[in-house]
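Same chain, two partners: chain A is paired with chain B first, then with chain C.
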Partner chain A sequence: MEHAAVIDFYRYPPIGEEDWQYAFQTAKVRSLETTMLSRGTLVDMANAEDFTAALDLLGGEDYAEMQTAATLGDVENVLLAKRAAVRNLFVDLMIDKDLVELLRARHDFANMRLAIRRVVTDRPVGLDYSDFGSVPAAQFEEIFKQENYSLFPYYLQEAVEEGVLAYYAEKDVRQIDYAIDKYYAKYKVEKASEKGSVFLLSLFRTQIDLTNIRTMLRLKMADRLDKDFFLAGGYVDCERFVHGLDVGYEALATLFYATPYHDVIEGGVAYITSEQSFLRLERLCEEHVMGFLRTTRSLAAGPQPIIAYLIMKEHEIRSVRMVLTCKKNGLDTRLILDRLGE
Partner chain B sequence: MLENVNATRMELLQLRKRVALASRGHRLLSQKRDEISRRLVQIARQIGPLRQRVEKELLETTRRFMMARATMEPEDMTAAMDVPTKKFSLAISFASIMSVRVPQIAKEIAGDIVCYGYGATSGELDVALRALERAFDSLIELAEKEKQAQLLAIELQTTRRRVNVLEHVVIPDIQETIKYIYSKLGEAERDNISRLMKITDIIRGT
Partner chain C sequence: MDYGLALAFAGAAFATFLAGIGSSIGLGIAGRSATGVLSEKPEQYGLMTLLVVLPSTQGIYGLVISLFVMIKINLFGGEGLAAITLAQGLMIFGASLPVGVAGLFSGIHQGKTCAGGIQMAAKRPEMGVKAGVVYAALVEFYAILGFLVSFLLIFIGITI
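Up next is the complex of A and B:
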């Protein structure tokens, strides 16, 4: 089903109705949200004197066990364990397992992308895949060895075909990523629509728009004028992004003025032109998604707050990793704050 | 130090030839030393700013790469960097600077350094990789210059040692030996003259 590129909201798209099946789960998530790190804590960590001081600030928080971490490897292990725990909790809390499968598909597609890249370049398929997809990581090697793709769910079977065909059209491994990204975008929008999940549809379409914005600016910076990289299915028409490639940086904010991403573009472009860096753009994109997820707080019950909690917690884990990595390596506080926001 | 030589005219002639040869060698080696020093200073002057530039570029690349890695999921990073599309090869030829074989590196780069799609990767990773790509040129130039400087420095050290040995050991020793042979020969001659005078006296007396 094709979704028209119509923006019928001001800043954030609709999040759907309440679902009282999720009353207990929502309450649980609400209590867990209170243990999440505040922006102030992250900013304090960024402003901390060094890595140890930044770790000390996590002492009273959910990440207290990291205080004994001496190396970034230890930090990474704790963060990966936290992420796994959050994902498992999400699976436990969700009643509608189809929505779980839909959110897990991201990992399946990422695994698929890696496996195809390895297969077409005659590398061992290996076992180092994400374990959070619907297809167990261990199965990937076996399926690719036997070339029995019928063991994959239907959407992955089609993705394999798309990816392999795209590679052989130009013998370029990047085409695999482009093809799978497009297929995944199409799949998630269609599936969310099929499931009747207004929230997921809004989330996915917003994510597609933000990916397109980042792609457009990355292509502009690399002076590439390829017009075929944009993902369909977002609220903003692909034509607008293609047009964005042809205009100067100064005209981009005007071009996107009538979209909810005007602030993202304006702030991101200003930073790109002055610092030659995507830090602020990426931060603004994440803040836009987080802002949208925060609108689920108005719901008393439903799958929306649970999905929002998963995504916000994953974002928090990434933020902690980013601050600690930067602190450990002595990066400038200003840079951390540019990425984190003040 | 006196050489263990026979104080003969033949030896004296040979030593004179040796000292002339040593002096010529000394002069040539001095010239070689000066030229190597000049070239070395020239290269060292280029290396300083080049190294600073490379270090700055690499630091910038590392900083951006670190930031990209920290903000991306580890699996996405592995997938993005697993299969590179950039092919990089180096051809090394040799040139001669004052008979020192120094390497000259020519690089051949094909393909785009950005080897992934845009969906699951950070823009900062693009910036880091492009900065690394730019740093390659300076890095290769620096490697070439530093190797040249290292080889020239080794040659300079050897040449300087040779010049010093000739100047302070070989030539003075030979000259001393020549002086010794001169004095020996002079003494032998005086000895001979006085013997002849004595014989003449004896003959006249009879």
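Up next is the complex of A and C:
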């Protein structure tokens, strides 16, 4: 199903209706949300004197077990365990397993991208894949070794074909990413639409727009005019991004003034032109998604708050990892805060 | 066949039936929300229970009106059932509806309001009574109006 690039909302797209089947699950998630780290804690960690001081700040929070972590490896293990626990809880809480499948697809496509890259560059397929996809990480190596792609779900079979064909067309590994990203974008929008999930459709279309914004600015930075890299299915027409490649940085915010991403582009471009870095753009894109996810707080029941919790918790775990890694490596506090947001 | 009496019986049944459905759905919603919070914060049992029981009142109002109808038609008296015309039966049936219909809808919506209050109390327990209970009580007001109208119609509006 083709979705028109029409923006009929002010800042965040609709999130759909309440579903009272999820009364228990939503209430549980609301309780769990109280244990999430505040922005203030993360900023304090960024401002902490060193790694140990940053770790100490997590003492009274949901990450208390990290107190015993002495090395980054220990921290990583605790964070991985925490992330796995959050994902398992998500699977347990979701009544509609089709939506779980749809969210798992993100990991399948990421695994697929990695596996094809390795295959076409004659490297071992390996086992280090995300285990949250529909296809277990251990199966990837076997399937690629046997070249028996029929063992994949239908959507992944098509993705393999697209990815491999794209690579051999130009013998360029980046083409694998573009082909799979395009296929995944189309797949997730179609599936969310088919399932009738207004929330996931809005989330996916927003993510597509933000990916296109990143692509546009990276292409501009590299002085490239490739117009085929933009993903269809977002709220903003691909033509606008292509147009963005032709105009100067100073005109970009105006070009996107009538879209919900004006602030993202304005802030991101200012930092790119002054610092030659995408740090703030990445942060603003994440904040836009987080802002959208926070709108699910207006619902007293439904799958939306559960999905939002999963994504927000994963984001929190990534932030903790980022701050602690930066602290361990002695990175400048200002850089951490730029990435984190003040 | 005494159609008047049949309608009065139907009225009594509907008052409890509809209001009871509203209460049970409302209780179900609020109860599920409360167990969700209690699975993480068992210390909030008292406040959660208060919010869960609120939607149960509609069913009680329905039952009380049903009992009034039964008294009206002399179900509990020793001299047999009252002789009721079709018009009187219809009036009793109609008088029983406000508590039933108001109970049905207000029970469901009160359950949803309580679920919202329960979730808010999970994050800010100090607001549990101030907002959670008070907002749910506002929904209750319309169940009380339904009860009042049914009560007045049965006792003042209908003479047998």
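Keep this in mind: the second predicted complex is superposed on the first by the 342 of 342 C-alpha atoms of A that agree within 3 Å, B and C clash if a C-alpha of one lies under 4 Å from a C-alpha of the other, contacts with A are read in each partner's own complex, and residues count from 1 in each chain.
In this section, a residue touches a chain if its C-beta (ideal position, glycine included) is under 8 Å from a C-beta of that chain, and two chains touch if they have at least 3 such contacts.
Note that the structure is predicted; figures quoted are calculated from it, not measured.
Q: Clash or fit: what happens to chain B and chain C when chain A is overlaid?
A: They fit side by side.
Q: Comparing chain C with chain B, which touches more residues belonging to chain A?
A: B
Q: Which holds for A:276: it touches chain B only (first), chain C only (second), both, or neither?
A: In the superposition, A:276 contacts chain B only.
Q: Go through the superposed model and pick first if A:95 touches only chain B, second if only chain C, both, or neither.
A: neither
Q: May I ask you to decide whether A:84 touches chain B, chain C, both, or neither, giving the answer as first, second, both or neither?
A: Neither partner.
Q: Give one of first, second, both or neither to describe whether A:225 is in contact with chain B, with chain C, with both, or with none.
A: Touch status of A:225: no partner.
Q: If we overlay the two complexes on their shared chain A, which of chain B and chain C does A:251 touch? Say first, second, both or neither.
A: neither
Q: Looking at the overlay, does A:178 come into contact with chain B only (first), chain C only (second), both, or neither?
A: The first partner, chain B, only.
Q: Closest Cα approach between chain B and chain C after superposing, in Å?
A: For chain B and chain C in the superposition, the minimum C-alpha gap reads 28 Å.
Q: For the complex, which residues does chain A have touching chain C?
A: 18, 20, 23-34, 300-301
Q: Quick check: in the complex, which residue numbers of chain B touch chain A?
A: That would be residues 63-64, 66-67, 69-76, 78-79, 82-83, 85, 112, 114-120, 122-124, 126-127, 130 of chain B.
Q: Which positions of chain A touch chain B when the two form their complex?
A: For chain A paired with chain B, touching residues are 76, 80, 107, 110-111, 113-114, 117-118, 121, 123, 128-130, 172-174, 176-178, 180-181, 184-185, 211, 214-215, 217-218, 221-222, 229, 231, 276-279, 281-282, 318, 321-322, 325-326, 329, 331, 335, 339.
Q: Would you pull the chain C residues touching chain A in the complex into a rising list?
A: Within the complex, chain C touches chain A at residues 29, 32-37, 39-41, 112, 115-116, 118-119, 122-123.
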